[in-house]
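Encoded as structure tokens, here's the structure I'll be asking about.
In this document, chain identifiers A, B, C, D, E and F correspond to the written order of the chains, with residue numbering beginning at 1 in each.
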């Protein structure tokens, strides 16, 4: 039973219910395909949406990066 | 000093303050018992309550699973 | 840039190089598909293979579960 | 590309935008300094602020500890 | 189905198989007790033992702290 | 007491003891500076070094990326 944890920024209103369902289902099916059925009925997928002030790449928060892109 | 991270779904209004206190205290005491006093005064327990749309088992979100159970 | 962390048991000699490549590629492509290209070139996927003594479900380690299954 | 995850309690109104920017930038620069430039433009820093009811040390939640300190 | 992740230092030869079994069982039973049976058969407990060079408190690695204590 | 978890690839023989000490000390001092002394004596820093087969960016493992760079 694998545990897959997804951390992503919360943007454009956040991921929709359908996107989360699609991602959870897809990751589970993919894992089962790669590992011969393992986790098909037991894989745990957890999605964490993080505020763009709290998520940075290369020293700049995504909020900073997005605002610079808009200039 | 161990760090124990608990991820659980946020359901029925979420865990109460008392439940979180009981869980934190219990995990810390258990760890100290198993490891001869280690962590008794320093163990860190972090509880993360996750929306049922963001938590899936076997490819279905807990929201989906709960709604199917109610049918 | 999402960060996807996979925790799985280390069994049958562990995941092969090809399986890890397939899982990493598949998760990245899936994420990009679900979120309109996001993460296609920047998603981070980390795979942690955990000893079956260190991984338990329902209070039993996978080592215990596997040995009971063989009886 | 390192991934640095910071878990801290959400206190006094939480970390300000400037503090998160300073922490993200500082950690990224520090990592690049220690590891000869690695991660300077790609390090991911994620900051998670946790409710003091959900964060405990030595068996007591930070909420409990703070209220005892005020007595 | 909660996921409980334990990070602890690998010391004195590391946790024994029995200690890991006791910790996994105890955490699962405790969680089920606190949350009215939830997770009793599905809780995932993952134990990560970390080298004392890779684990620090207050700016000093556990290796440093232990060697200072022996002086 | 913040908990800072660093995930990085294990390359060129891995981080040296001195680099881990420098990173742990630096992150702790930085956190205390940004948050007015918080965590100076209690911050936990955990460094996880991950095999390059188990770490991917944009769908390719670091092993793949490094071998393509050498061609």
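Odds and ends about this structure:
In this text, a residue touches a chain if its C-beta (ideal position, glycine included) is under 8 Å from a C-beta of that chain, and two chains touch if they have at least 3 such contacts.
This one's a predicted model, so the numbers in the text were calculated from it and none came from an experiment.
Counting steps between touching chains, the shortest path from chain A to chain C takes 1. Where touching is counted per the definition, the chains common to chain E and chain F are B, C. For the pair chain B and chain D, the fraction of shared interface numbers is less than half, so the two copies use mostly different residues to meet. At the far end from chain D, in terms of centres built from Cα atoms, lies C.
One inter-chain figure worth recording: chain D and chain E are separated by 21 Å, centre to centre, where each centre is the mean of the chain's CA atoms.
Chain F has its Cα centroid 15 Å from the Cα centroid of chain D. Among the residues of chain F, those touching two or more other chains are numbered 1, 3, 7, 39, 42, 44, 46, 57. Chains touching one another, given as pairs, are A-B, A-C, A-D, A-E, B-D, B-E, B-F, C-D, C-E, C-F, D-F, E-F. Residues of chain A touching chain D in their complex: 7, 50, 53-61, 63-64. Across the complex, chain D is touched by residues 5, 17, 20-21, 24-25, 28-29, 39-49 of chain B.
Of all residues in chain B, only 1, 3, 44, 46 touch chain F in the complex they form.
Against chain C, the residues of chain A that register as touching in their complex are 1-9, 15, 19, 22-23, 26-27, 30-31, 33-35, 38-39, 42, 57.
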